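Before I ask anything, here is the structure I am working with.
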Amino acid sequence: MSAVTVIGAGLAGTVAAARLVHLGVPVRLIHDRPGVTPMHGGGWLLGLETLAGVPAARMDEVLAFLEGGLPELALTDGPFDLLDTDGVVREVDVAPASHAAGASLPPGSAAVDLLGLGHPFAEMCKGFKTLAIDWPTWPGAFGRSYAAAAQRLEDDATGLDALAEALRAALARQPAPGLLLPPVLGLTAVEARRARLQAAVGVPVAEALGTVPSTPGLRLWRALADWRARLAPGLTLVEGRVTALDLKSRSLLVGHDRHPFDALILATGGPIPGGLTSAGSVTEPLLGLRITPELACDWQRSVRPDRPYDADLFRAGVAVDAAFRPTRHDGRPVDRRLFAVGDLVAGVDAVADRCGSGLAILSGFIAAEAAAAAVQGKEAP
Amino acid sequence: MSVLSGPWSMTRAKSFFYLAVAFWKRQIRRAVGLGRRDEGGVARFLENYAPEGMAPLTLQRELGLQQLGGCIQCGLCEAVGNQPADRVAAYSRAIAMSADAAAVLGAAPTTPAICPAGVPLQVARPAPEPPTP
Amino acid sequence: MSEYDLIVIGGGVNGAGIARDAAQRGLKVVVFEQKDPGAGTSGASSGMIHGGIRYLEKDRDVTRHSCEDSGFIQAMAPHLLFRIPFLFPVTAWTRKAKTLLELAFVLFQTYDQFQPLKRGKRSAKLTRDEAFQLEPGLAPDIVGAVTTDEWAVNVFRLCILTLLDAQAHGAEIQLRHKVERFLKDAHGRVIGVEVRDLKTGFTREVRGRVVFNATGPWAGTLAKQAGAKVPLRPGKGIHLVYDRRFVNYAIIASAVDGREVFLEPYGQETWIGTTDDDYYGDPAEVQAHHDEVAYLIQAVETVFPRIRDYRLVRAFAGVRPTLARYGPSESDLSRAHQVFDHEAEGVPGLMSMGGGKLAAYRFMAEEATDAIVRKLGLEAKCQTHRTFLPGGEETPDPATLAAEAGIDQYAAARMIHRHGSVARRIVERIRQNPLERRILCVCEPVTEAEAKHCIEHEWVSTLEDLRRRTHCGAGPCQGARCARRASWLLAAWQGGGEKLAEEHLERFVAARFREQAPVLKYQGLPQLELTRWALRKGDR
């Protein structure tokens, strides 16, 4: 039996690959570049209600699978109202523990401004006291982002102690019952760092969610890579871009290497990584799959001036059936063993729905099960 | 010819007269072998504009600028690469001309694997000085 | 008894130019602008301060005049202007290609006589190979090219600086004030206007000895309210803006209908302009249409075939206040201007301007102010060509200023381009509060200090105003990295909170999307996805 191939190793592609491995189906995962995964803000708004017909029991199963796959993130069930680094409130269902702690900070807490980095956090967080410190592990790093600072703390083992020291000194001058930091506490083992810092400064500490360039997104990206590493030997990772794809002969090319497949899951993302392209009209470049809703050549007409970002255009994607198989005009699948998941799928607008994670997880999960059934000869007619 | 259309007047006749004189002067100078000198060619053009930073772009440079257009300013390259790489695509907007931008872009890094758009940042490095003829 | 000698309606280049000139001549002036300086026709122009080469075959004195005036504008504000070399490639599509090239060269040579008036460069004629050496992106089927030299200006800054100078000479500048109606005395003389302050909603009456209607495409409808006539045939023009500068020389091309369009390096962007169609809608609502975008791209494609590979960021549209003349197609209508004294039509006290072009703005203002001064029975000579605009006295060295401010050289150079010597005041701010050297807008770039300087001294009341003054949020990402922060800065200065900031952001997003939507299919979608994500609303 040759493998099911998944193209794209973002959230949807990795979930699909992981589920296939768990079902005992060998998987080849083709990975080129990360798409929107590293732009994830940290809060998960699952939004699964947008996908009708998924029973609640299934949902719990999916979530347990996810939390088992990404233990690094220490996902905690909400719902929570959390601030992001722009001081904007985001309502989320699930969040990593270091962010989730923000929901229980005592009133009168201070937002910590790391002077010299490119963005004034405390100034943006209205309703918080301000505690300003120099970023102690990176003197002179003027204009750097929080994500760069987190990378720095990840690389520098003594960084956390220096940060704790600086915070203690600032708290001595200006006490506060709790501290909200921008997301800078490294990229892995974040919750452990947060707990250490909290113990060192003596008051509750939490992190805000991220905006681009996003620290939580980088953490997710790394956590997904770790998950993929744990899936070997069932999973074979191929680095590179798919240059040619033929459904009839069930094979594709990455560079000069030909890879056969029994079933194919497209998790190539939306416009940012190039899963959808916008030259001329919106198209799916690998197979030219059918896009819905169909867009007139005069796109701007579909935009309401009072809701500029809420247009048909943004819900455009590959039309699929209930098993996430791309469909033709008559509603029948293009191929029984071809699936499309995640951002690529029609009808979902991650921005308007405030989070694309729910669809990515669920579609990856469902398509993986359908693909497994197909290659194991158990598919429904 | 369309240039001759429209209303005529003394001022227009005068203007045309000057153009006609210029035309015949040009033809005479061409006939006596001064045509090429008047044309100036690429040498005059470069003499005009190269000192102001507006040197010709190579094809390679133009293609590089086109690829840099894929940058969506997500800033992730800066986070991962430990360099102010997020400014590379932005500052390279003027690289075709500006010496000030080139001063910043001297050390443009190679693209980190994190770039969602796959933008080849290294093409923003200023081209080496073209040899002076 | 009049409060003012002169009420100027409109804060585009014409209104600003007249206000500056009149204020310099000692008149008591007030300017009412319904939106923001340059937000209408001025800011939607190509930004060219050209010398009127097209008049060489109609009236060479106009060319001389234009070149002279281009020189004056350079002297007033050298930091705002930048040079654009032009290539006119001729394709081998007609048998007369070589002749056409020769005729074009003769025209450009004749133009060379006037170039010294505006520090212009001599034209050159290039063989096919030479043309490729200068611009490898040209179409393979060209037979050669000729070149000439023009200047362009940052139009929004030109409007602002002109108004700032008017203010320095005593003029009052009232933005977001809409003229509701004209006040007349018993004899039908216009003695003032009723204006509504659009920020508060209140109206008030203002009296002036002369009311000047410099409202560009609105001039016809406004004059009509007073019973006067400004015969316009408004023409719509759009420009396309690419994400970066990918050519160093402008390239002239012919569209399918024979009109001339151009690909132009404009600062750190590349523009394509322009269309010309009759337009009868509300000038405030004008928007680029996808088939106009296609028309321009097709035209440029004939001489620069790879144009479709570059990313378009936005398309902006404007309405020309072209003077009406029956018959000719839109492009042939003269761009010439005219000052109307409506006394001749029985509406004394009101004057208007119709037509005109950016390059002649100073001269047109001089002519209009001469007429105003005559009308008021005064004698005062124009000084506008001999005085600097604010910041024009001296252009600081970017490297030195960058070192003083602790910012990089490129950021300093862009700031100096906008502010000239006033950049020193911004550096002074940074010296007092070093954190203000943080880069607010990465694309441009703009420092927080500059944004705050503009917010505090240049009548900024929306994020779009800030974009016009600094380019903050005007780059490829259209505000993804800066608009939220900028909305906080602005709201904080205005004494508002989160809600006000959110409103500012929302309006900015709507305005940006209006310009992005028509060009999204030209590689624009990935950026829009990110920008939407970054600027999405909060959940409270």
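For clarity, chains are labelled A, B and C in written order, and residue numbers in each chain start from 1.
Convention: a contact is a pair of C-beta atoms (placed from the backbone, for glycine too) under 8 Å apart; a residue touches a chain by one contact, two chains touch by 3 or more.
Nothing here was measured: the structure is a model prediction, and the numbers come from that model.
The most centrally placed chain, judged by C-alpha centroids, is C. Of the two interfaces, A-C and A-B, the higher number of touching C-beta pairs belongs to A-C. Spacing of chain B relative to chain C, judged by their CA centroids, is 22 angstrom.
Between the CA-based centres of chain A and chain C the separation comes to 42 Å, rounded to the whole angstrom.
Inter-chain spacing, taken between the CA centroids of chain A and chain B, is 41 Å.
For chain A, the set of residues that touch two or more other chains comprises 36, 39, 143, 212, 272.
Chain C has residues 439, 480-481, 523, 526, 529-530 in contact with two or more other chains.
In chain B, the residues touching two or more other chains are 72, 74-75, 86, 117.
Taken in their complex, chain B has these residues touching chain A: 72, 74-76, 78-80, 82, 84, 86, 113-118. Only residues 55-61, 83, 85, 102-103, 105-107, 109-110, 121-127, 130, 133-137, 147, 149, 242-249, 258, 265, 267-269, 306, 309-311, 328, 332, 398-399, 408-410, 412-414, 439, 442-445, 475-477, 480-481, 523, 526-527, 529-530 of chain C touch chain B when the two sit together in their complex. Considering their complex, residues 287, 289-290, 308, 406, 435, 437-439, 480-481, 484-485, 488, 497-498, 509-510, 513-514, 517-518, 520-526, 528-530, 532-534, 536-540 of chain C touch chain A. On chain B, the positions that touch chain C within their shared complex are 2-3, 6, 11-12, 14-16, 18-19, 22-23, 26, 38-42, 44-45, 48-49, 52, 54-59, 62, 65-66, 68-75, 86-87, 89-98, 100-101, 103-104, 117. By the touch criterion stated above, chain A contacts chain B in their complex at residues 32-36, 38-39, 143-145, 147-148, 150-152, 212-215, 217-218, 221, 272-273.
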